[in-house]
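There's a structure below that I have some questions on.
First chain written, first letter: the chains are A, B, C and D, and each begins at residue 1.
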């Protein structure tokens, strides 16, 4: 298929490469031109990337997506499909769905689970929602990018909600580890012994291993996922849940700790630096 | 070895049986006599069970342990060892350590991770702390009961702290699932689809599978671990952390939700009925 | 002075009347025409009301103010001043300040403290911020509306922040009363005795008397200030504080309880129905 | 009447003096002998102070009261009344009530509202509960100590609950001020201007004036009421409410902040140093 790909960050560039590998004709766009190196076809504007059958956006936040979507709306042909793969607010997803529908264009939300390495290995999990025929059209694309696609119905924003809820669950696991390590460390228990114990008994999921290690070693830099991005997702989760009249008290608690992290200048640390915040609350010096 | 075993609940009776299987001479005591059936040697009082080389207590709470410990202190011979395997407060563990030391007796804290099935299969994880020589003496016992023993130093209460912190982490995982399911369900996402998605992607740990299923199906009875027991452990965690001047905000939040669960009459539901509490907060009717 | 007044709600209509009484030439605008009855000069559009020396906006929320501000920007003459007296986000206030400055127009933020009765009696407290000369020009207007004006510097959004912080403090007092009444009532203490005790000893401020009585009697309707408006202000407070990297954990807690109130259909109850939410959490039936 | 008075702290010594002034025969006891200076009749033990018609205890905490109560139980004559005026747990109050009843002695709980200056001026508010005849006997004592007595029924622990709930409400007011000052100060608003604004408009109660000033000036030492005492009362409130299955989420939040204050070494600061904790969370340096 003829695919435009807007947004070549760590995730996006790996994904676009996998689409090329799978034999698609891919025209990429990125604001910073340098990252387009190695791609055969490079668009000068988002609109130019929007002239194929499919255009995929993989951008940082609602602001960036919203700007790009304005251009795409005008550039896309009737029947073309916009696949929004970024982590954005369900509210923006709904607005884009309506705008594309009015323009006779298709819209599918398909945010992903997985880190850049999974993106490079085409091992992402894809959370897809939208009209059944559009999803069917997109199937080869999802297969080129991920190991499994979850179909979440014909309402695109459902996929965005599920994605945000997963990031909320990750943040909750991190915060719980942050508090548990601060407590046990202050009570004299060796963080490495504790980490080994947790991750070989009840908490064997990779999430606990990955973040448990970062917290046990206070290895918050270089950041895999920076604190402000974590805060953004928790904020989106709170707002989306609120629009359904659902309180998320644990998300509120995490939100406040992340805001406090930024107050202390942690904007370049990994979001697992909630561990440092918990340690500070307990009066513990850095390791 | 000649071992007394006090407390034949679901966990204790399975553990005592494994000690018999391993060739130890086991004299059991239980308040409700019926549960001692099938054991060759039955004590009439906790004190009588305390006359061997080792006495193990596996009772419901601080109150029960504290009462038994009074009897054992008087009955145990110098050099005999009390292995406290219940989930109790670190503060009580410290008091028992001192009392036994004054009486020339040994004391080891060795709470366990695992449910009754794991106890029956001798697959428990044992969190042990106490004087090195006492731990060495207890080694064959731990090997008869569990698949792995973690040695947590010579301060018995460290083992109790680690055990409580594990239960806090479990409760945190449950509460996060409770909120995520309430939100996504209200947003129209099928709980079974959501459960499958979570547990085959990022949250593959058994904890998420077990409790995710209970919440997705609102299957809170029969209870694997009743709400008041969960609340007890969270309360003990908060008190123990406070004694080290460590706040545990997530534990406080969970505590309050559990108290609210009891206010609604949930005392016989599984502690994963935090899922029902989250659903009620969101205005969702029972499934 | 020649003053336009946009927004004749319960507060606005009382305020506009006081300006007329003070001898100003007032042209009012309201979306629902019926409320303009009794005013000599009625504008057909917000823009028409913006043609004098001063235009005051007193509208429900950011959305309404933002829409009106677009019209005013085009209609106002250079040197005319927009006094924004609504409770809005500091962020919107900053955007309006910049837009008016670019158009050579003045902008002052002057939200008020006080209920409709205080507005009618010209007993409001006015929280004003903006350029010193603009504040000086507005002085006679403030004097016609309130009993005292607090000058909060030349940065208009400071006044909006202070106003939101006052509403946060009110919400916190309400929530604390909600919890205290739920607890003491469940413990068998008569709510009226308790109310009398509180408000004649330590908590003599009108806030505790007013909201204490509403909670003691569960008199949540008719609403003086509806739950969704309270939630809006707490949400604005959280967002504004977050933009300064300041966590407000108490506001987060109240936010979640208010969202839960809407989940239960409390959108027409007074915001003091946090008392009902606390009672429900405690398993208490309505009075 | 012949009255024993146990506990001559800042509150107790002022109260005992007022009983002497009112013409009662007062025998005082204090652990630290120096504080008994100036009193005509000094007991060598709590028991000795318990031999009159009435014995009043005014001690620091449950531990101190519990110890004294053991002695008093044995020393008091049948029909004598123990008035417990300290801030203690409702649970301890219930145990003392039962023990005194079994010994044929009377028991009244009568904690007070007011600071040492109010105690000295006989301007305390007295929260009294117990059997009607015992309360009638105690009336002249209450009149010698306070400006008003609130009768809270025949269940002594009700008075203890009300007292704890008042301290919870105070703590909530302090925490809300702490957060509001941290936010507005970081947003560039002068704390003194803000204090003046708050306390002359909506928050005119002495509580807001007193604690608002301490927070605005960060004047946390010398402490009027030390952080560990505040934490003790919040802890008692949480435990008492929990025993009625009532969650107090605001108390939990305050509890955690107070524990964090102790983690930072604030044990000698006033409990309003919650203001410093909020400032630290916001990344603000000390004034």
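Miscellaneous remarks
Going forward, contacts are C-beta pairs under 8 Å (C-beta built on N, C-alpha and C of every residue); 3 or more make two chains touch, one makes a residue touch a chain.
From a predicted model like this one, the values you see are computed outputs, not experimental measurements.
Common neighbours of chain B and chain C (chains touching each): A, D.
For the pair chain A and chain B, chains touching both partners: C, D.
Here A-C and A-D were compared by C-beta pairs in contact; the pair with more is A-C. To fit its Cα atoms onto chain D, chain C must turn through 180 degrees, a value rounded to the nearest 5.
Averaging Cα coordinates per chain places chain A and chain C 37 Å apart.
Chain A and chain D, compared by their mean Cα positions, are separated by 52 Å. Listed for chain D are residues 241, 245-249, 253, 257, 260, 263, 281-283, each touching two or more other chains. The touch graph of the protein chains shown is complete.
The touching residues of chain A, when paired with chain C in their complex, are 235, 241-242, 245-249, 252-253, 255-257, 259-260, 262-263. The residues of chain D lying in touch with chain A in their complex are 260, 263-265, 281-283.
Those residues of chain C that touch chain D in the shared complex are 90, 113, 125, 127, 148, 150, 152-153, 155, 158, 161-162, 165-166, 168-170, 172-173, 175-177, 179-180, 182-184, 186-189, 193-194, 196-198, 200-208, 240-241, 244-251, 253, 257, 281-283.
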